[in-house]
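The two complexes that follow have chain A in common; it is paired with chain B in the first and with chain C in the second.
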Partner chain A sequence: MSAILDVVDLHHRYPLPRDGIFAQRQYVQAVEGLSFALEEGKILGIVGESGSGKSTLARLLVALETPQRGEVRFRGERISGLREARLRPFRRQIQMIFQDPFGSLDPRMRIGASIAEPLGVAEPGLDVAGRRRRIVAMLERVGLGEGAMMRYPHQFSGGQRQRIAIARALITHPKLLVADEPVSALDVSVQAQILNLLLDLKLEFGLSLVFISHDLGIVRYLSDRVIVMQHGKVVEEGESEALFSRPAAAYTKTLIAAMPRL
Partner chain B sequence: MLVVDNLGISLGQTRALRPLSFSLDAGETLGIVGESGSGKSITALAIMGLLPEVMQASGSILLKGENLLALDESSLCALRGRRMAMIFQEPMTALNPVMTIGRQIAEGLVLHGLMTSEAAASEAVRLIERVGLPEPELRAHSYPHELSGGQRQRAMIAMAISCRPALLIADEPTSALDVTVQAEILALLREIREETGMGMLFISHDLAVISKLANRTLVLYGGAAMEMGETQALLAAPRHPYTRGLIAAIPRGNAHTTPLRPIRGHVPELHGLPDGCPFHGRCLTGTDLCRRSSPAPDVASTTAWCHHLDGGQGA
Partner chain C sequence: MRRALRHPSFLIGASLSAVIVFIALVSLVWTPHDPGQMRILSRLKPPDASFWLGTDQFGRDIASMLMVGARNALLVGLVAVGIGFTFGSVLGMLAARFEGSLLDDVVMRALDFVFAFPAVLTAILILTLFGPGLVNAVLAIGLFNIPVFARQARGATLQVMTRDFIRAARLAGCGTASILVRHVVPNILGLMIVQASTQFALAILAEAGLSYLGIGTQPPNPSWGRMLNDAQTFLARAPLLAIFPGMAIALSVLAFNLLGDGLRDIIDPRLKER
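Let's look at the complex of A and B:
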């Protein structure tokens, strides 16, 4: 089996504000020596509490940040540290969705135009009618109709907005989707719909998925493999069922014990 | 101790909460679970007398026999903090950022005339220690921004219990916290409940969290009661289609073995809800009767408000 994503010894830190202009600059180490691989067609779950570095990792994976050390490889090719022009062919293949789709959708742009944007960059040769067909098909696929095209983000509920964000992410037919807490802000009854939609689309589009969440129940449910992060490092990694039924690391055990269950 | 009788809340023509009745004994915890727009937070605000002015409440709320809805603002002020207190999801917005933790905790004790300011200051340190903050004397002089999220929630609990209120309302007190911190705060609330014998209304969107604390649980949806009963009975054998759907929508096990059964549709806007059951439209057993008329309560292992309790599989 081949890996779609290889992460090798990834390090990333953020500078802290200086105490004074002559003071030594201090840093927080957000990610420290991460290495793992994601196989084609699989779902990798990443769990951790606040400050564990999981969101920094997400930004590194989609090349929104450049690591201080180490590298991210997509199908064997290094993408970390590339200049934007050389990254462009990878951008359409690696997409991301966030916790708050409202923050990633332009409030003044109609939904149709929002979804058309990445498509225009990825497939500039597509004519107006062809583009429209693709957008309508995608909107219908995520459970919204053609009517959604002419409306604005604020006219939709949270769950519908996450459907729109998913449509926008998948319109270029990416191979890798990084989802950072995509259902955390949604009502319980709607969460399950979005999780099922992601699972269906994964099969249909042949996606591989990195799914980041603080919710252990959801990560256990969705993932093939799981990584537990704490303070920027991997504490434990394993097959989902094995890791949750027989955790080895003390921190994993603490997390699982603290998780409220019905 | 607390008797809420036919409490209704409206915003102009929109019914934000349909007539709701429940009671709470000393030492007991009632969990209120619901999604956005269910009415769970405005119920809490109505009890505290903190409803926005544009909303009107009807019915009655008796706290130890006194009708809170009939009181004027100054009488309510005398009760708030003294007989009833509230903690919120985000303590940073409820704590005063320019006042030390110690002074904020002591403030209520002095304001309600329970202690001199010296006595209140040392009581504040004792309370800070009680809620499990390290180095209580030092912490008393800290400002809210110097504490972590979990520590701030502990400080807010100290403030809420300072005057030994009979009723504590906790509105999503752990929803913004990490799961390990959440477990600690839930344990703390349980301990304090045992110690003080106060009654607690525990509001959350998370049934699993509610089940850790609540003796009884009330399920709200779209501003109306769906089901109420002993928490264990309600979780073991939910009777209302909405409760059943809510429980089925929580991921269990792994996707390869256990398909997830979501509730169809989305959480509705409050205006535009039918006269009858608000869950009509998302419910698989919903009929025309459900749209037209509100169901009467049906009392068995739990109390459920549904026209079709015996038929169908629900959502």
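Let's look at the complex of A and C:
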């Protein structure tokens, strides 16, 4: 098996606002020396409490941010630090689902136009009818109908919006999907539906998945491999079952002990 | 929409503004009398059936002059706010997109510089340097509108740029221009229109002020501000002469301010999600 995603010694920090123009800049270290790989077709779970650098990592993986040091490679090619124009061919292959389905869809844009946006960039040659066919098929695949196209995000529930976000992310048939807490903003009753939809689509589209969550139960249920993060560093990494049944690091043990038992 | 119809200041502001716009439009095709025609025998007449609001010291019809003056006031507001809105919004959005860059610093500091001068005083300076007249007055007022719109646009854009749908657009492969046009503009337009309405009122006031000082609209073009100045001499004999243009100015400023306030409440970003 070859790796679809390689992360090598990734560092990222955010500048804090300066006290004055002559004051020294202060930084927050968000990601510090991360290295890992994701095999083609697998699911990598990343767990850690809030503030552990998970969301920063997600943005680095999809090249929304440029790391201070280190590299992100997609199928062996470096994508970190590329200019937007050179990044474009990779954009359609690497997509992301955001935590907040209320924020990830433009409130002023109809659903049809929202889903058409990545398609228009990836396949500019597609005619209007062809584009419409693809969008309708994708909407139906995520459990929504053609009627959704002309409506606005605020007319949908959180779960439905996340379905729309998934449709938008998958419309260009990406190979790698980074899901940043995709269900934590949703009702528990809806979470399972969205997770199962993601699993189905993963098989159907041949996706590799990075699944970021603070919910250990979900990560254990989904993932092949798991990385435990704390303060921007990897605390522990291993096969999902082994890691959850025989955690080695003290932090992992604490996290597991804090899991609610059902 | 339903909220708009129940909002008192929006309702009053919108209806008043509509009346003013209507009067200005009517003046294009019809006024009770020729606003420029002087009648030596009918000087300083009180209102009657023929001269609804009386006549001035040259026997000109006040009602007709006010109607044409409305046209002037609206034109000034429209062009001056248009200048500020267009240049300000573009500069503000660009400054926000390249936040923290040299461009951001240069643009915003330059606008701070403009902002730091008292607007009317500097407009007087500009008009003294480049000559009085409606066109220069409009340009001067427009110039001072640019920083107001730029700041508003920059702040609103910065706020929108932090939202996930902007990240999603970048992931979709959209470039800067397309993100600004397709996602930022629709999301900040409401706020900008509110600002425009308030600035419109201020522009009318500024034009009236400059014309009052004699460096705005030039005779024989009627202007509310100059009518006010002319009336000053005859305040004891014909106080109505000052009251009518004064009311016209006050009412139109009130109208566009109320409209702006109402719009602000209706387009409140906190309620936008619903």
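Rule of thumb we're sticking to: the second predicted complex is superposed on the first by the 262 of 262 C-alpha atoms of A that agree within 3 Å, B and C clash if a C-alpha of one lies under 4 Å from a C-alpha of the other, contacts with A are read in each partner's own complex, and residues count from 1 in each chain.
By definition in this document, a residue touches a chain if its C-beta (ideal position, glycine included) is under 8 Å from a C-beta of that chain, and two chains touch if they have at least 3 such contacts.
Since we're looking at a predicted model, the values are computed, not measured.
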item	value
Partner chain in contact with A:64 - chain B first, chain C second, else both or neither	second
Touching partner for A:96 - first (chain B), second (chain C), both, neither	second
Touched partner set for A:212, first chain B, second chain C, both or neither	neither
Touching partner for A:168 - first (chain B), second (chain C), both, neither	second
Which superposed partner A:221 touches (first chain B, second chain C, both, neither)	first
Shared chain A contacts, counted only where both chain B and chain C touch the same residue	none
Residue numbers on chain A that touch chain B, as the complex places them	49-50, 157-160, 187-193, 195-196, 199, 214, 216-218, 220-222, 240-241, 254-255, 257-262
Partner chain A, residues of chain C touching it in the complex	163-165, 167-175, 182-183, 186-187, 272-274
Sites on chain A touched by chain C in the complex	59, 62, 64, 84, 88, 91-92, 94-96, 98-100, 102-109, 117-118, 121-122, 154, 165, 168-169
Of all residues in chain B, those that touch chain A in their complex	35-36, 149, 178-180, 182-183, 186, 205-209, 211-212, 235, 245-247, 249-255, 258-264, 266-267, 282
